[in-house]
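The first chain written gets the first letter, and so on, giving A, B and C; residue counts start at 1 in each chain.
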């Protein structure tokens, strides 16, 4: 039981970026291969570029979800930092709900474009072009999940602040 | 509608909604109000990051991080001290020199301010310089980061406008040198007010040692520029080569980067890049909504009615971008507006490489302008200085840098000279 | 107006496609007494051809003008239109694509996408080869590095069989690559040779005439069928009339452009077209399964 929750925590905290980081290593290797093949073997390949592009799109939406979880997206926090703690949590809760709404658009409407592109084959390797739009759907779903968790945590912190009870020890909300 | 949308973005940003999501929410509302199918929204967001050229972005971010981890920051600072530390206001000059050299391995001003900046301010304060002076030099010199290649903002502009990134990179060299020279001039002038400052004696042996230590880092810009100059590789490939080289340096350097810490840097790179890429994705949706409202056509007709002089137009655009740069993040601005601006440039016969470098300069200055400059925030945080105080101390530097922009704007050859020489343009 | 069409294209302002699309807009408005209006979005403002095609399918925009190469993504058979030396001449191409063979293809395409092809006579400029040295046969192409669009293996295969060494590159990098010697040749229609600033970089134009293709006007069929019959007819006819104008502009432009290029001291070389045509036959054999022998035979039969 504790083992499962440990695995879950690990997945929650590091899962997406491990996946995205691995993709980046593949991209990097492919690009080196590309440069090497072009100049050492005088023979450039057409498929490396397509795979690298596909992985870059996946990496973007996956790692963007990680940044959503950590609330580390580039933002302007000068105004909010001057607010008292309670208001700060209230605002952050609303902001996370707004972020979740973008996740909803990406995930829900992304499915339509995935369906539309499903039968199309990509120019180089001939795999389905839907693979390029799937990251938005997956990333959107992750963004919904993480931002709702964040919103919930801010709400709880707000509730604690209002009832003057100190927040629970494991509350790591910012 | 357009005006309302820009207001909405700024308001959302002010209540701490991340830049990417402020753009995303505003665009989504447009789609819903205009009854445009939101599936196209997702497609344009994806299209915004589906680019092979864009790979250069994480490559250069990783290069900078690896170089930092192998101690390049300190060594470059030492080299700066050894070369120009003996001058009046020595650490100020060294500060600029260091940023200039660091610019060759990093693609953004924030990387400079966040890495080098903290070290520089501390060192200057310790040597007896005033906080105002130290922060001013540090902030201003950070803006050279995206002008000397590599440059993230030039990559973004190159993709948005279809301009060769290699040519843009080469075009930044002369303006970058101009910036450094101008800033060193201002240091000499301002340093006369700094009294209790120790001077660093000049020793050739020091220069030699420092140069030797900093050499591995200095090879990076050389590799990038020479690769593009000779046509051996494209900007994207130069990113891959630079990252490969930086990885080797990091793994064999004295501090010896472990595989675990390399992995950590890769994860950092990925998350940081994704932040920028998501901004680009959402900004390209926003840009699509502008096109859908036929903003490019409107802009062309309004501007051609206003003036027919390319110089006047350039000035007008410059001022517009300077104002925008005070409020909205640079990558978002460029991705959003360049599709609108390119037809205007074509109409007026303005060179897209020249314009791109001028734009990079202006966007770079935007990072140190209140109220929403990102380098300003970074420095205020590490030095515990308030935004109003920063606003007052940065004024002479802003004036100087705007002067440099005016110069580069007026003489396109300053930008185009090297790309033409190299035949890359 | 009662109905409004947004039409997207990637052609820049002043390009024959854009000029003819503006005329299409005018004609539709005039012939329908202002009941149907057309807004033109040039220069790829709304996206590239793949995105425009999807936007028409979704109903984001009503129409688009796209090249046939991109359509093969939706109907694999159409890949045959990407082949070099498929057409005997422009009449052959026009006869097939606006005739019953073409209609069968467009119907299949509409079945897959809900997007209808209303005009397939928007012919584009013939592609030739700009090089730094002369060559007249596939044998002499040996060692010439030529830029091909990145990520399309077919072009790689074709140029390899034509004797050259293909180098896949993104278009914005092509100019610099030609200057710095990463490539020695580019394959483009005349208008791109002059507009992209390529002419000064080469010395010979090899008249390989390897590729001829057409653009089509596509329209969302759900939207079109909601129009009263007379208005539908007006839209379709105007698109085909504008297609004729486009082709005329392209052909006139080619003559003028040829003189312009010649005036810059570039030499035009008449190559052994038959030998080049012969050299790509292995590619036809290898790809025959994709579009089927039947379609290939039908196209061949129409050549006479």
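Basically, a residue touches a chain if its C-beta (ideal position, glycine included) is under 8 Å from a C-beta of that chain, and two chains touch if they have at least 3 such contacts.
The chain lineup, named per UniProt: A = TRAP transporter small permease protein; B = TRAP transporter large permease protein.
Here the structure is a predicted model, which is why all the values come from computation and not from measurement.
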What is the shape of the graph in which nodes denote protein chains and edges denote touching chain pairs (line, ring, star, complete, other)? complete
So which has more C-beta pairs touching, A-C or A-B? A-B
For chain A versus chain C, what separation do you get between their C-alpha means, in angstrom? 39
So how far apart, in whole Å, are chain A and chain B when each is placed at the average of its C-alpha atoms? 25
Junction residues of chain A, two or more chains touched: 49, 112-113, 116
Would you give the residues of chain C that are in contact with at least 2 other chains, written as numbers and ranges? 54, 58, 150
Mark out which residues of chain B touch at least two other chains, giving numbers and ranges. 37, 39-40, 43, 52
Within their complex, chain C touches chain B through residues 13, 39, 41, 43, 45-48, 51, 54-55, 58-60, 150, 169-173, 175-177, 179-182
What does chain B use to touch chain C in their complex? 36-37, 39-40, 43-44, 47, 52-53, 158, 162-164, 166-167, 230-231, 234, 288, 291-292, 294, 296, 339, 342-343, 422-425
Residues of chain B touching chain A in their complex? 12-21, 24-25, 28, 37-43, 45-46, 49-52, 54-55, 58-59, 62, 232-233, 236-237, 239-241, 243-244, 263, 266-267, 269-271, 273-275, 277-279, 281, 329, 371-372, 374, 377, 387
Chain A residues within the chain C interface of the complex: 38, 42, 44, 46-47, 49-50, 112-113, 116-117, 119-121, 123-124, 129
Using the touch definition up top, name the residues of chain C that touch chain A in the complex. 50, 54, 57-58, 73-74, 76, 112, 150-153, 156, 165, 167-168
